[in-house]
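Below, chain A partners chain B and then partners chain C, in two separate complexes.
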Partner chain A sequence: MRDAVKLYGRYVSIHVKSLMQYKVSFLLMAIAQFMVSFNVFLGVFFMFQRFSAVGEFTYSQVVLCFSIFLMEFSLAECVGRGFDVFSTMVRKGEFDRVLVRPRGLILQVLGSRFELTRIGRMIQALVMFVYGIRGSGIVWNGPKIMTVVFMLIGGTVLFFGIFLVGAALCFFTLEGLEIMNIFTDGAREYGKYPMGVYGKRVIQLCTFIIPYALVQYYPLLYLLDKRREPWLAVLPLLAALFLIPSYGFWRFGVRRYQSAGS
Partner chain B sequence: MKKYLSFFRLRFLMNLQYRTAAWAGIATQFVWGGLEIAVFGAFYKTQPEQFPMTFQATVNYIWLQQAFLALFAAWILENEIFESIRDGNIAYEMCRPLHIYPMLFARGLAVRVSRAVLRCFPVLLFAVVLPGPYGVSAPESAEALCLFFITMILGALVTVAFGTLIYVSAFFTISAQGLRLMVTCVMDFFNGAIIPLPFFPDKVRAVMELLPFAAMQNVPLRVYSGDLAGREALRAATLQIFWLFVLAGAGQLLMKRAEQKVRIQGG
Partner chain C sequence: MWPSGGIIDTAMPDYFGLTEYFTKVLHGKSYGGQTDLARYDTYYYQEEAAMIMMEDICKSYHVAKRTGGFKEACRTLFHREYETIRALDHVSFTIEDGEMVGYIGPNGAGKSSTIKILSGILTPEEGTCTVDGKVPWKDRVSYVKDIGVVFGQRTQLWWDVPVIDSYELLKDIYKIPKETYHNHLEELVSLLNLGELLKTPARQLSLGQRMRCEIAASLLHGPKLLFLDEPTIGLDAVSKLAVREFILRQNRDHGTTVILTTHDMQDIEALTHRIILIGKGRVLMDGNLNQIKRGTGSIDETVAELYRSYEIAEVGS
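Entry: the complex of A and B
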């Protein structure tokens, strides 16, 4: 395990070093990444210039919700970006090389990419988080802080699992599947509002099929004192279990893998 | 002119081949449209009196936007062109007995039209079948429908003219990725892709409606339901024509400058 962490550290430091050779391009990309999600924020901001609430949520509460969700996503994306470009790896036959090396497969795939440019998104999420907290009037105590921590852990793991499923699908399709965007970018985009806003059907889908609501809607209700059951705060950890079937699917894919490269 | 038309036809037919990709796009558009309507529905339920347009007009706006996304979406720019400008392959295009600006324009238009043709019908069909206020309703009037088609063509042309301007500016910047992403963001925000322009505060909106970005999807999508009608609609359409000429003129001028001092990188 320690060996793996050390190796991953090496991978990351190489990526950062190579990135720093193109400082301007890095800066521009980070700013652009920032702007992409800042646009989404502006959409929310201007909607609330007109409306004072959506459903039972006020502006600051929506911002808080959005910021936590965005943080989860960018954390997962920072690390799990290798999965996103995995189709290229499979198509070019680079995965064959990964298979023959005496190290974990996932570790190597993850090490193939590290997106520091996502820092732009991270910074935005942090700023919004502070901004949301100041307006939302939450009285902080131990359980509340733990809820946020659980949300971050659960959400990051969940998104990581979704990236993993997307990568595993490449074993069967060889192509990257655009449909997966619905579950990654779509979730990031529409996770800005608490999921209760979208209606009962969406909540059900996001509870039992892909558990977004477990890391976003339910713990948020607890955080904002809209509901008081303490088990709501632990739900995000349950969502992290999504990683188990994802990993199973990945293993299944690896076993079925037939080299495609030349 | 004939040369460019046949070039357009060629690119159009080529792009029509990407049918599998279109299915993925269609699925995405269904989900996007549905969620978008759910959000606006929630705002509507909370404070209906604050709604700047009728709920039905908003729903129409969203579905038509999803159906014709390819015509107006800011991010539809071909990487291939940026690449060829960067690695110098654009030189081959410049050797041809064609002007490069209209060629880029025809190419940009072909991508958008072919994608839109492939994707719009399933989305429209689905949206028409949907019940009640959640589906697309009939257009406000026969004139509105006519004006919708006219302004849609104009809007698409303005979008392409702007896109071509970005291609041309890549001749000056070499690394166009950052620039491209930023311009895309600005465009998305100002053309009503994030939220329809009527939802902005009145003062902000008054300024936004004069910008070239408002001459893109904003006009046709609102004309359809009569949210933009009469003199206002005519004014918007005139602005579309104005911006089309300005953007195309600027693009051509910039292209001429680029052609005079272009240096091909790479061998």
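Entry: the complex of A and C
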């Protein structure tokens, strides 16, 4: 495990060095990433110029919800980008190279990309987070802080799991599947509002099929004192279990790749 | 150019007039199970186990049939026809420790499939294969520690950072002990003349320089077995000679077993004593260069003639 962390650190340092070769490009990319999320934020902002609340949530509360969800997504994308663009790896034969090296496949694919430009989004998320906290009147205590930490962990792992599923699908199609974007970028856009506002069907889907609501809606209710049950706070960790079937599917894909070739 | 005769009872002419052993090898079809070739080899190398033992390896791909035309393309959206392509058809050979073997054949003959199976990337449907006592596609991590692979057309160096950074990463990937790493690196740098290149980002290297760095990258962990997939492709004369000389030296000094696939027959001539010819997924010939070289024809002509004689050439004669 320590070896793996050390190796990952080595990968990251190479990515940072590469990035420094193109400083201007990096800066522009990061700013662009910031602007993209900022636009979405503007959408929320203008919406609340007209309406005072969405469902039972006020403006600050929605911003808080959005910021945490965006942070989860950006973290997952920053680290797990290799799985997001996995189809290129397969097509270019880079994955063959991964297979002939004596290290875990996941570790190597993780190391193959590191999207530091996502820092633009993270800054955006951080700014919104602070903004959201100030207006939403949360009384902070230990459990509340832990809830936010759990949400960040659970959400990042969940998105990572979705990337993993998308990557595993490449073993069957070779091409990246646009449909996977519904579950990543699409979810990120939908996730700016607490899932509850979309109605019963959506919340069911996001609880039992792909557990977005476990990292977003339910813990948010607890955070905002709308519900008091403490188990709501640990639901995000339950959502992290999504990684298990994702990993299984990935293993299945790898085995198929090894017996099919390309 | 060659005398043709009717020694063998098929339409296959006997180009080489070789021993009984060789005529048997020409009968690709008659091979199955314990091959005469394998027996021949064990007769000569009884004392030690071979580096690579491949027996009756079969591999087929399931591919969608593709036809031209818009209408056809639409039709395949709903109804796809698949066909099975036999990439490898009972491939068997044995390679000894420290041998240097040229693995040749026309495009699409099954060379890369074989290399991919030997390097553990693919799993065959049938047949057995052991490399240095291990089965390549089982327990990947422990197997690939001892092999090195150079894909001539794909780089393993990081594009934007100095070459030495890529090497440092490989050191961590292979968990090479510090001292071993430094010894290997020092040797490779002096033999391949990499001194200045180490500080250069890979994107600024010429193809020849890059290939030298590439080969060094595959040898840092001191593999017992090295696969070279077209290592001299696109190189100028000087670089080619440097690469060849280095490979020879590596084989001689470290006893590294080398399997070389190439279309450059001069590579073969300069490097290997033994060649294995594969066509349409079958081993057609396994012997040395002198056995196929007759008369005054250049090595390229000889091989082209050979391909045609087995009717495996892609372009007609």
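Throughout what follows, the second predicted complex is superposed on the first by the 257 of 262 C-alpha atoms of A that agree within 3 Å, B and C clash if a C-alpha of one lies under 4 Å from a C-alpha of the other, contacts with A are read in each partner's own complex, and residues count from 1 in each chain.
Please note the rule applied: contacts are C-beta pairs under 8 Å (C-beta built on N, C-alpha and C of every residue); 3 or more make two chains touch, one makes a residue touch a chain.
As the structure is a computational prediction, the values presented were derived from the model and not from experiment.
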Worksheet entry | Which superposed partner A:97 touches (first chain B, second chain C, both, neither) | second
Worksheet item: After superposition on the shared chain, which partner residues are touched by A:54: those of chain B (first), chain C (second), both, or neither?
Response: first
Worksheet item: Touching A:259, do we find chain B (first), chain C (second), both, or neither?
Response: second
Worksheet item: Just chain B (first), just chain C (second), both, or neither: which does A:141 touch?
Response: neither
Item to complete: Check the residue A:29 against both partner chains and state whether it touches chain B (first), chain C (second), both, or neither.
Response: first
Discussion item. Tell me which partner touches more residues of chain A in the superposed arrangement, chain B or chain C.
Written reply: B
Worksheet item: Which holds for A:182: it touches chain B only (first), chain C only (second), both, or neither?
Response: first
Worksheet item: Which bits of chain A are touching chain B when the two form their complex?
Response: 24-25, 28-29, 31-33, 35-36, 38-40, 42-43, 46-47, 49-55, 177-179, 181-182, 186, 190, 193, 197-199, 202
Practice prompt. Within their complex, state which residues of chain A touch chain C.
Written response: 3, 6-7, 10-11, 14, 17-18, 21-22, 92-94, 96-97, 99-104, 108, 258-261
Worksheet entry | Residue ranges of chain B in contact with chain A within the complex | 21, 24-25, 27-28, 31-32, 35, 38-39, 41-43, 45-47, 50, 52, 175, 177-179, 181-182, 185, 188-189, 194-195, 199-201, 204
Practice prompt. Quick one: which bits of chain C touch chain A in the complex? Just the residue numbers, please.
Written response: 59, 61-62, 87, 113, 116, 119-123, 125, 137, 140-142, 144-145, 147, 149, 151, 154, 156, 158-161, 165-166, 168-169, 172-175, 201
